[in-house]
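The chains carry the letters A, B, C, D and E, assigned in the order they are written, with residues numbered from 1 in each.
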């Protein structure tokens, strides 16, 4: 029944814009444990899509399927199709490193590298072969500006990235990703470990970025999902130890006001989780 | 302003029953970091008091002040008065070990000792000098029954406590505490690491126990606070790095339906945290 | 107080043995016996912990007492700076031995440190769990093999091979380098692996998520992030190499000169003790204890520099 | 251009990972070579007669029994002296000590002790125990000198073992009104015992293989020591003398093999203890 | 009855230690109840302690010095030690003069071509300072002058032999009894080292090993010395230790 629902939705919702990611019948396994089953979803270009659901329902797992971060965990397996602009992400010969450059990722815990702020941002461009100091300077400034943190750090670019406050660190991490010009930005609970003022700044940032970048955000905070996203996907693992499913996917406004599934409604009204 | 509020409340709320704990002007320090400031609160006998608030606001810290568990962390300091039945808990010469026997504690992570189920429960009575096998047998059975876990373990008392499921482990830990007949039970997010069925059992348990024991529970789950507690205290650390305060303390029904402080309202309606 | 007062609860409680005088609903005091016992135990443990301090002091006192006269007699400059070690002629300058020890250590490090760091990176970043299951015990076993066995192996297998390939007798720096290089691998590798593992997982993920290859992540993020730990490990390896005795004595050739080739025999600070102790007496024996003082001081310098480096990290980022 | 760069990146990655593999293979190969060489050459000597009889003759023909006995004796005695002191010291550091000058001094001393070259420890034993305390060349003098060498090793592994006991387990005990010593003795130490045991066994392996310390404190006399005041010759010392002499290499190979097997056994037992522990907790 | 003393102390030369120890073991095994303590403390110390009476037998690998002659010590020669200069069998050099041998070990000659061999650098192998063989070699060949200090210093006869066996350019010296087919003993001053040339005293690098007693040996001391001189010990123990039996020389 879940599958039917999920495969019905796209039709309705998809009319709105181009699909950046198309996921069909995705199953994911940690060893023998089937964490996700039969996920079908379309992620719209230049929009913010939120993933919500109780803890452990596989939101992060699914997010990490999109840029093949799960490849790094030994013993995991992904079945089904994930397409980026129509190209199979798991296709033969696809370079996951290049994929990850195009599909950037922000984590719950801000994780600047233990190097200077400048080097943090320059890391990506350098990886991909940029060497000239002037070019790097330009990219660093531009990225920090886009990440809304330039003003705070412009005079201390030589300081260690870890000396910043949590919220600044998180924006530094965003700047670091922006420096490699990703097309998609995956954010896994980017605001749950930072202070309210910084949360505000990050949320503003997302609104600005989505003109040029497709954004997917996992959040526990329903208010946040409602505030920032255009589309929302609700995941649920109904029984401990069983696979999680995508229960409902819709425009955020629709999903929060008139959820079609009773379980979605229970969740967003706080009846469990 | 916060202080004023907190010191006004007791007057209203306290009329209802006897105070088990009276806390006045408590300040707590981790080294130089002032984690809690100016906490005044009265904890009612034979009632369940819930502490709520965002992560890091000092709920656990405050709980651990009540039975001096913080003494175990080097470099910590507690100022102000904490009275149990009117006696100063931090008074000179007070035996923290005996205090802790009277004020039992349950932790977020179930923590059975690496010994048999029987020995886990007998540990406390043995510490305090009980030696006779028959007495111990009686206490173990009685405690496991009161903790709602006797049926599940009565045939495997000789098995290691760590072989039980998480939820059973947590109830075993409760039995272990009940075996030393505490007057107060401090529970620090006792349900956040266990399965829903066990959560149900633990909540039922609290309702049964409060006839004889005063219960204080820290929880992240507002629904749970609403379900199980008679009184609720809301803590908040308004700025990262600053001390947290007690924002509001009231009967649970009142606090959840008509919070007096806007911050309390924001929190319980999920506007932050 | 109401009916179910705490005193009732207590009545059923197993009576604690040493409940203090105020047990009657108030808070009991710590009993004298408990207090004494805890204090006694605490101090007993403290004494045990101080055995380590006593050990270092005793070493300093005893070895110092036996060896100091040579410094007094020759003067520190002549003992440390004298170039000729010729005990039967009454010449006790150890500069040659110091230089040889440093040469042996440096070469062992140049061979061993990259091997060890490579192995550590392999264990922590490259190996699949199954391969790691085999490799790590091998590294640990390498640490368990007694140094006399290394020496024996070097003497009977490696030395003849080197003699055949490079000519000469097979004794010399090169042979020692190879053996020391292998011997310090476990020391450096296990500590480096620890350092790499303590780099937060998030940093690894962040790097991969930016499109870095495994090697880029290792080279640009992990090794720099673990660098303090790696430096510590290398210094410990240096200590191990310069203090190594039994393996070196069998393959060094023990000529008390600075060798003019890496295939020529040489004598070090540690091996001079093994070679001469059986027959040394008088000033000669004192001088050997003097050499022990020098070795002790060198090892203390290594330990102290690890301290300093680790502390500077605490203040740095 | 971008794709060229990608090829270059991949190539570097492949090459570098290849070098890392090579490093690991070299390390394992070094171990393999040593073990193989010792086993192949020593296996022929490994007869009951070799193990259970006394050496005789000028160049030490016959067996190595007294050296085995000496090794086991001195190792056991050293562990007996070291273990309680080291464990209690570690209890102090992990459970009682407050960060401060004293603890820093103790840690610095332990680190220094751990890095004292064993030849220096040997001379120290000679000066302090053999001559200073008048113990002569004896098992006791050797065990004392060895225990200074082992103390920091056992201390460190024990402290790690104690620290790895989850603090929740401690809290559980304190929360029931246990005193510090009750918590340490009934919860912390029992939980840490398997790891402590592993550390002690590994340290024993170290003691059994030690040469420089023993040769100056126990002497080289072939003897089957009965009392701690007796001297003796351990297997590593025997191997060293045989190797230096270079005449009876058969016996040397045999001794090396027995020594390596003994150390191997220590390692395997240690591994087994820790594995069993892991599976019991899991 | 048996010997008057049941305990005997033998101290002195480390060179003789293997003989003294092994024969003590054998003697004690054959005569339960006797106890023979053997210690290697050096020849001088052995001579001193026997003359002072702290030990019953002093062993020495050198002759008595002039002032020691007055101490009233009785000499029993117990073995011959001849030292062979050994080279790799592939080395064409078959003979050296005493001067050449000395020059080689002082590194005044550094290439085999200087003594009629191939053009090959000489690899010197020396023994450690504690070695009696080195001491004797230095006295007899170098006349007390210094060994070259860059030579490899090896702590055992077998090691010297092994190194010379493996390295074409190596040269060393070991007791004649340890010469085997892996090495070649060169003639010195045209005399090849054999048991015969040693016994008749024509081979120049040899010495006699002594037991000294204060007065004529009596009791257990005499029994022990006789045992050492008996054929089984001379043929097994003395040869095992690398020395030559004394009877070949004196009988």
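In the analysis below, a residue touches a chain if its C-beta (ideal position, glycine included) is under 8 Å from a C-beta of that chain, and two chains touch if they have at least 3 such contacts.
It should be emphasised that the depicted structure is a prediction, and the values quoted were computed from it without experimental measurement.
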Chains joined by the largest number of C-beta pairs are C-D
For copies subunit A and subunit B, the superposing rotation on Cα atoms, rounded to the nearest 5 degrees, equals 175
Rounded to the nearest Å, the gap separating the Cα centres of subunit C and subunit E is 43
Rounded to the nearest Å, the gap between Cα centres of subunit A and subunit D is 50
Distance between the CA centroids of subunit B and subunit D (whole Å) is 46
Contacts with two or more other chains occur in subunit C at residues 16, 34, 155, 213, 216
Expected list for subunit A, residues touching two or more other chains, is 97-98, 127-128
For subunit D, residue numbers touching 2 or more other chains are 9-10, 177, 179, 243-244, 249
Within their complex, subunit E touches subunit D through residues 18-19, 21-22, 25, 154-162, 178, 237, 240-241
So, in the complex, the side of subunit B touching subunit C is made of residues 17-18, 45-46, 84-85, 87-89, 91, 93-95, 97-99, 101-102, 125, 128-130, 135, 139, 180-183, 211-213
Contacts from subunit D onto subunit B in the complex sit at residues 98-99, 166, 168-179, 182, 186-187, 190-191, 280-281
Subunit A residues touching subunit C in their complex are 67, 69, 72, 74, 97-102, 104-105, 107, 109, 111, 113-115, 123-124, 126-128, 160, 162-163, 173, 176-177, 180
The answer for subunit C against subunit A in the complex is residues 128-129, 200, 202-213, 216, 220-221, 224-225, 316-317
